[in-house]
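Take a look at the structures below.
Same chain, two partners: chain A is paired with chain B first, then with chain C.
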Partner chain A sequence: MGLIDNLEKYAQHQNLSKDKRVMFDSFIKKGFPTTSDEEWKYTSLKKVVKSDYNLLLEHTEIENSVINKYSLGVEDKIVFVDGNLVYSPEIKGVHISGFSDFDCRNNDVISKLNSALAKSGFTIVVEKNTVVENPIEILFFNLTKNSFSQYRNRITVGENSEIKIIENIQDLSKSSTLVNHFTHVSCNKNTKVEYNKIQNNCKDSTLIDCMNIFQKQDSVCEVNTLIFGGDFTRNNLNFEQNGTNCESNMNGISLLDGNQFADNHTFVDHKTAHCRSNEMYKGIYLGKSKGVFNGKIMVRQDAQKIDAFQSNNNLLLSDNSTIDSKPQLEIYADDVKCSHGCTIGQLDNEALFYMRSRGVGISEAKAVLTYAFASEVIENLSIPELKNLSQRLLAHKLGVDLDFSL
Partner chain B sequence: MSDIKKQSEDELLEEVTSSEYKYGFTTDIESDTIPKGLSEEVVRTISAKKNEPEWMLEYRLNAYKAWLEMEEPNWANVSYKKPNYQDVIYYSAPKQKPVLDSLDDLDPEMKRTFDKLGISLEEQKRLANVAVDIVMDSVSVATSFKETLAEKGIIFCSISEAIQEHPELVKKYLGTVVPVRDNFFSALNSAVFSDGSFCYIPKGVQCPMELSTYFRINEAGTGQFERTLLIADEGSQVSYLEGCTAPMRDENQLHAAVVELIALDSADIKYSTVQNWYPGDKDGNGGVFNFVTKRGICHKNAKISWTQVETGSAVTWKYPSCILKGDNSIGEFFSVAVTNNKQQADTGTKMVHLGKNTKSTIIAKGISAGYSDGNYRGLVRIAKGATNSRNFSQCDSLLMGDKCGSHTFPYIEVKNNSSQVEHEATTSKIGEDQIFYCNQRGIGTEEAIALIVNGYCKDVLNQLPMEFAVEAQKLLEISLEGSVG
Partner chain C sequence: MLKIKNLKAGIEEVQILKGINLEVKAGEVHAIMGPNGSGKSTLSAVIAGKEDYEVEDGSVDFLGEDLMDLDPEERAHKGVFLSFQYPVEIPGISVSNFIKTSLAEKRKALGLDPLPAKDLLKMMREKMELLSIKKGYLSRNMNEGFSGGEKKRNEIFQMAMLEPKLSILDETDSGLDIDALRIVANGVNKLRTKDNATIVITHYQRLLEHIVPDFVHVLHEGRIIKSGGKELALELEKRGYDWITKN
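Take a look at the complex of A and B:
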């Protein structure tokens, strides 16, 4: 069978509109991308495409204790179980509802598939001049065995408003699952948006995530991607700046072991002058894990006075780990400051020796140095609960009992 | 071209070549051409005309068959009208420019460039192909050079001659670094290459002169499908320079050369290129398409260093690469690529680390002006077994004018955890404050820019053989002339 067959069979029984049918057909015609596609050069979907998935989700109930177990502990939570929105908070100036369809011009085949078949997701509208004090946590639970779930989310932030969001996708079915996640964010004038993704799913889960962010004048948007779990993760993160004085910030940590695979694909499109972008991705690879980074910065012809900075640092901590990195700059304007840096290396043996000679055990010494490497990203997380979780997960994955929160 | 005109040109050719090549190496000069287009018949004809052995014909036919199955690549970030491969003449006698009576007959534009480059009068005459007897002096120098080389056992001749005289060497090494099926253009070149250079440096021999010097005296006419094979045996050392700072006008629009370097244990090859082919006019009409495959293989403790200054050609598509197969081998790549007007360049390098303790350095400087596009595309691959390998890459771009583009596409693939890879890239423009500083001190804007550009490229220019470094600096100035508004 395989995924394509599953999808075709599923689509037959759906009452798709004409547009959606066209979209689905164009997806089927193209199929899933292969490694001969430049954007998927280092990322093979072979294993995913070969497997069978269940597209009809069950409707299971979930206990509060389970939710609390996976929640960060913040007050405002949006909870999805098997694609159904089961809980959403009441917040002044914020309208939260379930799936509402919207168009998006996206050429990516997987986004097309999402667009054609997704029936679940959230819609958040923040009114003008609203500062949402507390972060909102969005939890997606899955209990259907071997499920393929697709979410299609939309966030619209009105002028002069601020919001912080934490997203967590969690599988509880103990089987291999696939999620195709798509989020569209519109940042209006003078808004501040922070979006945090905790990707700490169980070891058989596959995630293909795509986030498109459209920024207007004076807006600041930050996306933090924290990858600790999951078998296969692909993050597409696209920023489009459509007004002066925008700022786009991207930070990421990938801490992988075993056979984990994670691919961070970022694209910043500087369309207007006087904007900034900062990008910092750190990768730590253990076991037989494999990491991919592809960062592209595009500066259009009239987008002068752009400051774009990108860095990708990687630590290879085991014999069988691999990293493929492709930092790209495409620049058509002359009065810009753009740079990218990429490093791949190991922990400093002298620093390790220094600590060991003072009685620090090898794994602790390594953990401290690794934390120091990752701290540039972790220390800058603005939500304390998120910072704590990241520190705990880091210690746990490196097999040490250390508390990094000082 | 009418037949009569062609005939007279051919006669002229023969006349010129028979005198010019009296002491040279190019042996069989054919004055006849074959019809346009490419077919198995054409490949057979080329091989027959060159009186090649059976194995060579086999090689060419294999390449031709491979080429038929391949598609012209379009992944490079350049756009051009694809040449019609059936509209090209694949074999013709080496082209020669008409002989001039004196330098006064020279195109004033050309003369101006020569002067700016600071090329001596004698050499100007030779480069411009002014009547031969005046050049006698240099020719005799060339002959003595050849004797010196022969004494050391160095083989340095055209590849056609090598196929006849040293078939064992050619057979052993040809196509080992750039296989026939490597890419579209290398397959094409393997099928139809007309000539090129062959160089063999025996064990432990240090080439007594820079082969670059040799070229200054006796420049080999570059053909359309040039094939270069350079073998440095164990412990030997050689420095080789191709190209010339002088502007090269050539009728052939398509150039697909292949260069293979083989550095055996502890050998050291330095390969420098100065490329100044016709870049087309200001509106991007005409100009040479330069699609070159250059690759070297390093055995144990060997070193290959590529240096290139690319200022010409309408479209450049070139990635001199090093395969660091042996332990402790070293690969280097130093490049300055200048694009102006509507030129497009997609150039960079590949460093493939296979052996232990291998090291590579990449310094690429791009300068884009006018409406041009400059791309750096590079690959650093560290294989699983390349323990303790090290790479440092730096690719900087300088933008002049708001209509040009500069792009970097580095690919970094690391499979070994004891390796260190660093890559950094910056894009910037010449600061107004820097220009102002120079202006204040009485340095004009054009000169100030030349000064700054030279400083920017210094890391690369320093790698060139001495006499070329000076000229290359001036060449940069000329290439960027008028690009500052």
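Take a look at the complex of A and C:
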């Protein structure tokens, strides 16, 4: 069988609209990308495509204690179980509902597939002039074995409004699962949006995530992508700036071990003048893990006075780990400031000895230095619970019992 | 406390220490002086356990245990402390976090729980006062962007926090101006007790005016070629090393 067969069989029994049928057919015609596609050069979906997945999700109930176990503990939670929206908070000025079908430009075939078949996801509309004080946590639980779930989400933030979101996809089925996650974010004038992704799913899960962010004048949008878990992760993060004085910030941590794989593809499209973008991705690779980073920055002809910065720093903590990193700057305006930097290295032996001479054991010393490496991203997290969780996950993954908070 | 016998050590097949003998008792301050390249820093690194150095012969007994069998962190747990000549910058870790971790790990090794946060902060404040360290310093990144003097002061601050039995100060005076030197030396003096010992490695008599040694040793080409009281340092200042090394 394999995934394509699963999909075709599933689609046959769906009452797809004509548009969606066309989209689906074009997806089938092209198929999943392979390593001969430039954007997937270092990222092979072979294993995923060969596997069988279940597209019909069961309807299961979930205990509150399970939700709490995976939750960061913030007050306002949106909870999905097997694609169903089971809980959403009441927040003044914020309208939260389930899946809303929306059309949008698709960057790639996998988003096209999502567009054709997805039937669940969230829709969040923040009214004008609304500052949402508390962060909203969105939890996606999956209990169906070997499921392939597709979420299609939309966030629209009204003028002068602010919101912070944390997203967490968690598989509870103890099987190989695949998630195709698509999120469309509209940041209207003078908005402040912060979106955090904790990608700490179990070891057999595959995630393909695509987030398209559209920014208008004076908006600030920040996306933090924190990858600790999962077997295979591909993130496509696309920013499009459509007004002056926009700021796009994206930070990431990939901390991988074993055979884990994670790929961060980012794209910032500077279409208008006087905007900024800052990008900081840190990768830490243990065991036989593999990372990919591709950071594309496009500065269009009219986008003068752009200040764009990108950095991708990587620590290879084992001889068998790999990173493929590619900065990709295309600049068509002449009065801009664009810089990028990429480093790949190991821990500094002098610093290790320094720590050990102070009584810190070798594993702990390595962990502290690794934390130091990642700290710029972790310390920047504005939600204390999230910062705390990241510190704990980092310590846990490096096998030490250390508290990095102070 | 510390008994070094016929210590021979080197790096990549080059022997640097060619048979060092030295005994340091609790309560004593020893100064090790000597021209550049005589092996002063090698000696301190070997005692602290730097793995780049290979010990070929001899023994280093610390409180009845052979230090050479221990990892650097175990030596620290037993009470050995090295104030680095060139302290390492660690961006991303604050001074307070660094010290909190060091202290907690040392206490863990000794079977003690970490100090409660309140007590830890109180202790930090006391020691900061001792070394005239300004507020805001704790949240700075470890040695990052520190001036030479700040780095050395940070070393002594760590020493004050970790309360070692044997402190080796490797050229703690280099990079210090006169005021900083006095503050650092004052701090070291205040931390002296009858139970701990200090080895001061220096080029100059200057530091020894503030930290007065009980013994002064001259290291030359990997051997201690002369030992004496504090007056030996004065004589070296006046006459240089030539008169000893030529014999």
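Keep in mind that, in the parts below, the second predicted complex is superposed on the first by the 405 of 406 C-alpha atoms of A that agree within 3 Å, B and C clash if a C-alpha of one lies under 4 Å from a C-alpha of the other, contacts with A are read in each partner's own complex, and residues count from 1 in each chain.
By definition in this document, a contact is a pair of C-beta atoms (placed from the backbone, for glycine too) under 8 Å apart; a residue touches a chain by one contact, two chains touch by 3 or more.
In this text, all values refer to a predicted model and were calculated from it rather than measured experimentally.
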item: Touched partner set for A:K92, first chain B, second chain C, both or neither; value: neither
item: Chain B versus chain C as contact partner of A:K18, first or second or both or neither; value: neither
item: Partner chain(s) touched by A:S318 [first = chain B, second = chain C, both, neither]; value: first
item: Contacts of A:S375 with chain B and chain C, given as first, second, both or neither; value: second
item: Comparing the two partners chain B and chain C, which touches a greater set of residues in chain A; value: B
item: Touched partner set for A:A333, first chain B, second chain C, both or neither; value: first
item: Contacts of A:K29 with chain B and chain C, given as first, second, both or neither; value: neither
item: Which superposed partner A:T343 touches (first chain B, second chain C, both, neither); value: first
item: Which superposed partner A:I362 touches (first chain B, second chain C, both, neither); value: second
item: Doubly contacted residues of chain A, that is, touched by chain B and again by chain C; value: none
item: Contact footprint of chain A on chain C as seen in their complex; value: 48-51, 71-73, 75-77, 81-82, 84, 87-88, 90-94, 96-98, 100-103, 105-106, 109, 142, 158, 162
item: Complex contacts: residues of chain A adjacent to chain B; value: 38, 42, 301, 304, 314, 316-319, 321-346
item: Residues of chain A that touch chain C when the two form their complex; value: 348, 350-351, 353-362, 364-365, 368-369, 371-376, 402, 404, 406
item: Residues of chain B touching chain A in the complex; value: 75, 397, 399-429
